[in-house]
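You will see two complexes here that share chain A, one where it goes with chain B and one where it goes with chain C.
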Partner chain A sequence: MFTGGFDPVNILAILPEISLIVLGLLILGLDLALPEERRGILGWVTAGGLVLIIGLALAISRPGSEPILLWGGMLRHDWLGFAFKIVFLFAAAITALFSMDLFDSGRRGEYFLLLLAATLGMNLMASAADLIMLYLAIETTSIPLYILAGFLTKDDKSTESGFKYFLFGAFTSAVMLYGFSLLYGFGGTTNLYGLSQAFLEGGLSIGAILGSLLLILVGFGFKVSAVPFHFWAPDVYEGSPTPIAGFLSTASKAAGFAVLARVMLAVFPSIAVEWGAIVAALATATMTIGNIIALAQKNIKRLLAYSSIAHAGYALIGIVAISYLGVASTVFYLIAYVITNLLAFGIVALFGRVAGSDDIAAYAGMSRRSPWLALGMMVALLSLSGMPPFGGFVVKFAVFAAAIQAGMVWLAFIGVINSIVALYYYLTILKYVYLYRSEDEDKPLPVSRPYAIGLTVLSLLVILIGTVFAPWFSVASSAAAAIFR
Partner chain B sequence: MQFPILSVIVFIPIVTAVIILLIPQDRKNEVRVTALAGATFALLLSAWAYFSYDIPVGGYQFLEKYTWLPSLGISYQVGIDGMNAPLVLLTGVVMFTGVLISWGIDDRPREFFAFLFILATGVFGVFVALDLFMLFFFYEIAVFPMYLLIAIWGWKETREYAAMKLTLYLFIGSVIALVGALAMYFVSGMGTFDMLALEGAGFSADFQRLWFPFVFFGFAVLGGIFPFHNWSPDGHVAAPTAVSMFHAGVLMKLGAFAALRVGIMLLPEGAKFHLPWIILLSLVNVVYGAYIAMVQSDFKYVIGFSSVSHMGLVAMGFATLTRNGMIGAGVQMFSHGVMTALFFAVVGMIYDQAHTREIPKLGGFRKVMPVVAIAFIIGGLVSMGMPGFSGFIAEFPIFMGVWASHPWIAIVAAISIVITASYIIRIVGRVFFGNLPEEFEHHVHDVTALDKVALVFLSGILIIVGVYPAVMVPLVESGVDKILALLGGV
Partner chain C sequence: MTPLQIIFLITSVGILGSALMVVTTRNLVHAALWLVVSLFGVAVLYVMLSAAFLAVAQVVIYIGAIAILMIFAIMLTRRVAKDSGPQTNPNWTWAVVVAAALFGGLTWLLSSWNGFSTPIPELSSRADPLSQLGQALVSPNAYVLPFEVASVLLLSALIGAIMVAWDRRSG
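Let's look at the complex of A and B:
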């Protein structure tokens, strides 16, 4: 099952994780060493360090075309994990940039440390190949995120959101852990690929496997905020610091999908038809309920929360297709979604800080206050609604294509109808941004340097994904190849 | 390597849009001049492409092909033939005149021209696309700026409602067609979105009959086909002048053209099965649209519904599946585009001065703006299908085609000509002749020189095509022959 002796690839493969720990220690050291007024650079160090780690990972830790199991079968070094790792590191770098202006200076060190710890957990989630590793990784991700969500201790909404997130998370993770233990009991191993073998060899009742799968789905559904495990998302996003809400809705969700794709497709091919039907139902409910409730929202963070629920539904379509194209399209979808949603939350964070409100009505007159910021908002919202030449179009195209290839034309139609509903509420926001006037429209909307950098990079990436899609799609295809070889 | 003229035409507008966005907001004149330069360039190149198309050689010319997403068989592929060459020229014409007419826009002109030009890129892209994915890509690009253009710069009373209605209608149509296109892609098993290849995919008759309505109606929504025409008059009326011109003049052709290109040409068996009943819908368009236009009291709604009526003739021409009908429909797309752009320009000019569009309140505008009056009368004659104008060249073959295939439909449809004449003559009489109401005496002035240039240019084209049809008809004929070959020589 795993390689005997020591192979340097063991270290190379987890170089990003090691570097994350080093970076975290560096932040902690700087936090102690620097005088309080100079701790403003911690955000730059975090973001810069993460960018360095991305460069390092791309240069050294790229997996080969053949996946390998490392560290006694705990991790699997493949493109599926690697592609997601880069996405997480990137999202964390952007979140660090967006967080820089948010807090009173004394408390920044642990904030960035927690962010890095959560990122470390996500990286391990994406490559975990063992139930124990997987569970530890999920908890390593979740616990820092609970704290981050409640980080604004003077703000009741933030503490409430942290606590709510914690209760929901603890509950679902307990259910999921129960599912894991059942799987171990049935399969006799904790290794995901070993379990798959055991189930394929047969002798186990479908009901037993399906039952434990349902328990696991509770945990995964919570992570990706799929209906009916989505209730936490709007409250938590609304209360937590906006950059963290952005991080939760992008990297944390993508991490959930990485695990979902790997576990469902690698462990349960023997009952693919059954879970395919269940996940198809989840996808339908997630898209529809997310979009319909989003229609009624007045607060932009809540609206984006429901829209991100709906987007989980679209991404699930690719999983339901249970095909090479399906997984590729889900990964592709998530890459574009993460970048787009970070852009949307970045603008919301900036605007909310300056304008002091997250009401959609407060966005009136935005294009007169700052035409470029309004343009960025338009790029984000149109990409979320699936309009070219932005990333959202081609990735929606890909997931619908996967559904039709799998013979599920009905699911494609549900997705299509949902994207029309979504277009309505995205356009409504644009109406405020561009059309309505407000008394505040003469007030400037200053964009600080970290935001300017982050938002520009994200906007350009959204357009780049939407126009030059071949390189992104080939990464997504390599990730799919790690499952379907 | 040959000069990539079509790609240049497609990307000029969006490059111009980016340049415009980089100009500081308060430099409004620089914005306008840049826009005009971009539009002129696009017009000249599209005219060049149009006139250098080699008719005896036929087929798709100025071909370019670059791989875009090879693993799914998506490529960027462009070319023009007899069917889309006039439409490319039409887009150039409307873009150029639209910029001239929008010179007076003072609220955020930078954003206005940028969005208008992004729209233009979408339109050019659809007309020259030879790849199904690319067609959708540009089709959506053409739809969404419309929302902002109408919602921000439109008529205050209805703009929010109309903009949302229009966008949702068109988006619904396009995504439904998209599902159909994906079905074609997978069923063909060829792994390519190349439409020239898909023409030979040999889809089964059952498949074609099932999917044809999705694809055809998905696009025909934008062509204003009954009963999905409802967004169009509202949208036209709410839009600012240049956008109405673009919208009725070019975008509706986008729908008709895409329905032809993807629906009829890729699913010919489905077309033969379904079009005989779709012709009835187009008949409703033609007659009912004209009738509704007649009873409107708002000048702009009259023109809006006349578009529904005239676009019905395009659908009818295609639905006859005859050579004459298709040639007529091809010319009608161009002729109606120029004509309706002219109409909306005139309506805009009158509204800017009079601040009302109620026909009973207007009158005598011939005295203050003679050029506008003459231009409108020329447009009106085109609209009625008078010989010597492009409308005749377009509508006569359509009626010949309809007569050959469904004589009684031709008889009913001919009523529309009478109705059209009645509403056009009513407007000419009420708005341009008669006495100028006192309230307008002093503050109504003649239009600017730029406006006159635009009007003369548009009416000139209508007369040239009418007097010398050889400038367009042989070209369209060459395109129609290809369609008829796909339909198996009906």
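Let's look at the complex of A and C:
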């Protein structure tokens, strides 16, 4: 039983995950050993450790050009998973930097440990090739995030946000788990690639497969906050600590997309036309509703929540195309989106902490208080709205191109119209930042060192993606190649 | 109708009926006790599917540990273990419609599958599911990775629970 040699590549492939656990235990130990006033370095240790892990992963754990199934088919070691892993580790490092000023004292160790546990779950989500592994990975991501969203237990809004996230998450993951159990019943295996074989061989009605697919889509739709599973996003982002809101809207969403792309394209090629139509409808509704509700928002965290819902819609376009270019463009889109949105949330976190308000009106006169911060805001918002020369432009171009190549000009058209709508509310914020005056203009906005490092790196990356996009796109293409092989 | 089907029907009625009681009874301690009945019914279902280990785990973990812990939590935290508020909200008709549609849809979906009418195959008497399960959980060519990830998940859930529940100022 279960015989077969043990290949050391098994260990090399999960080296980033093992190092994450080691780093987490180190944080826990330091939290115990250090006196309370010196625990400020825990954030530096987390961020530095994550950067080290990224280096380690790039040096040792890179997958070959041929994808392989490891650990008895639990994981698939390929470029799709690997590219996403690097994105998650990077997002976690930035989030750790932005979180350092969040607390006055104490309770830091648990925070960073939970952040690392969630990152571990995302890494496994991106490479899981088995329903059991996938479900455990999703829960390992979600449960620490529920707690992180409600981390400020003295703050009613944060508690509400954590609890709301938990209730929505528990409900949708129960529905998704039911879908998984039906898939296992129909296909007779839990391996994603085995299921795909079973479905292609036929003998199952389309209705049965499509029904279980719909149940699974509930869970995935919640993770990527696609309409109609988006209701949690604005409330949770508004209440949770801002760096965590940034992490939720970027890494957690990207992890959902990694799973969505792999499961949809690997398991369900036999009903590609049907699910293509369903996901196209989801994408249209997500873009349109996200953007329209965002127009009316007064709170910047809620506005960014609706904007991130709309961005999930754009990224779905690439998946709907069901093509090599489509997947590559979605991965490319997510890389740029994660970096840009982290930048936006980082500035909001910094501003909210200093100014004590997340209202858009409070941003009046920001360019006079801190020109560099205002410049960062402009880079983030223009990139989100899809303006050249920033990252957001090329990636939007790529997803729309994928839709047109797949013969869905109408979808690209809806996307373009939505981008124009979105431009309005992004520019409204910039209007407050640059044109309006306020009485607080002479109060400076001090930028602490972790924020200075994080925001500079992110701004440079946003511009770099928009100008030198070939290397990024080639990574995204290798990720897509891993699926279509 | 085979004896197995009759036992299944009785068990299902028991599970669903006691589950209904869990959400409708106004006394929290009664709700916890009805939950024990419902969970026990699930253990009976496991036995019928020849999953002896799962049945034992169900009894020991869900009934022996979780339900009892709930009863203790109710006793220690609430002075009045009775709920007097309204039990439904104005949307309950919609909830009924959605639930009925979902049930109908899932029944139709399962009945279209040819496994729906297949009788349960007999396990060979020499099969040893328990040792297979044990080996599968620790074999690198089977489920050792999910097994280890589950421990990370439990550790972080534990730390999170302490974090949420422990008030540092009073601790």
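Observations
The rule we apply is simple: the second predicted complex is superposed on the first by the 482 of 485 C-alpha atoms of A that agree within 3 Å, B and C clash if a C-alpha of one lies under 4 Å from a C-alpha of the other, contacts with A are read in each partner's own complex, and residues count from 1 in each chain.
Here, a contact is a pair of C-beta atoms (placed from the backbone, for glycine too) under 8 Å apart; a residue touches a chain by one contact, two chains touch by 3 or more.
Not measured: the values here are computed from a predicted model.
Counting residues of chain A touched by each partner, chain B versus chain C, the larger count belongs to C. Legend: residue contacts after superposition of the two complexes on their common chain; A:Ser367 is shown touching chain B, with no touch to chain C. By the touch criterion stated above, A:Asn191 is placed in contact with neither chain B nor chain C.
Contacts of A:Ile143 after superposition: chain C is touched, whereas chain B is not reached.
By the touch criterion defined above, A:Ile132 reaches chain C but does not reach chain B. Looking at the shared chain after the overlay, A:Ala412 reaches chain B, while chain C stays out of its contact range.
Look at A:Pro389: by the touch rule set out above, it reaches chain B but stays clear of chain C.
The residues of chain A shared by its contacts with chain B and with chain C come to none at all. Against chain B, in their complex, chain A makes its touches with residues 367-368, 371, 375, 378, 382, 387-389, 393-394, 397-398, 400-401, 404-405, 409, 412-413, 416, 419-420, 423-424, 427, 430-431, 434-435, 469-470, 473-474, 477.
Residue ranges on chain A touching chain C, taken from their complex, read 1-4, 6, 10, 14, 21, 71-72, 74-75, 106-107, 110, 113-114, 117, 120-121, 124, 130, 132-133, 136-137, 139-140, 143-144, 146-147, 150-151, 153, 182, 185-186, 203-205, 207-208, 211-212. Touching chain A in their complex are the following residues of chain C: 105-106, 108-110, 112-115, 132, 135-136, 139-146, 149-150, 152-153, 155-157, 159-160, 162-164, 167-168. On the side of chain B, the complex with chain A involves touching residues 21, 25, 67-72, 108, 110-111, 133, 136-138, 140-141, 143-144, 147-148, 151-152, 160, 164, 167-168, 171-172, 175-176, 178-179, 182-183, 185-186.
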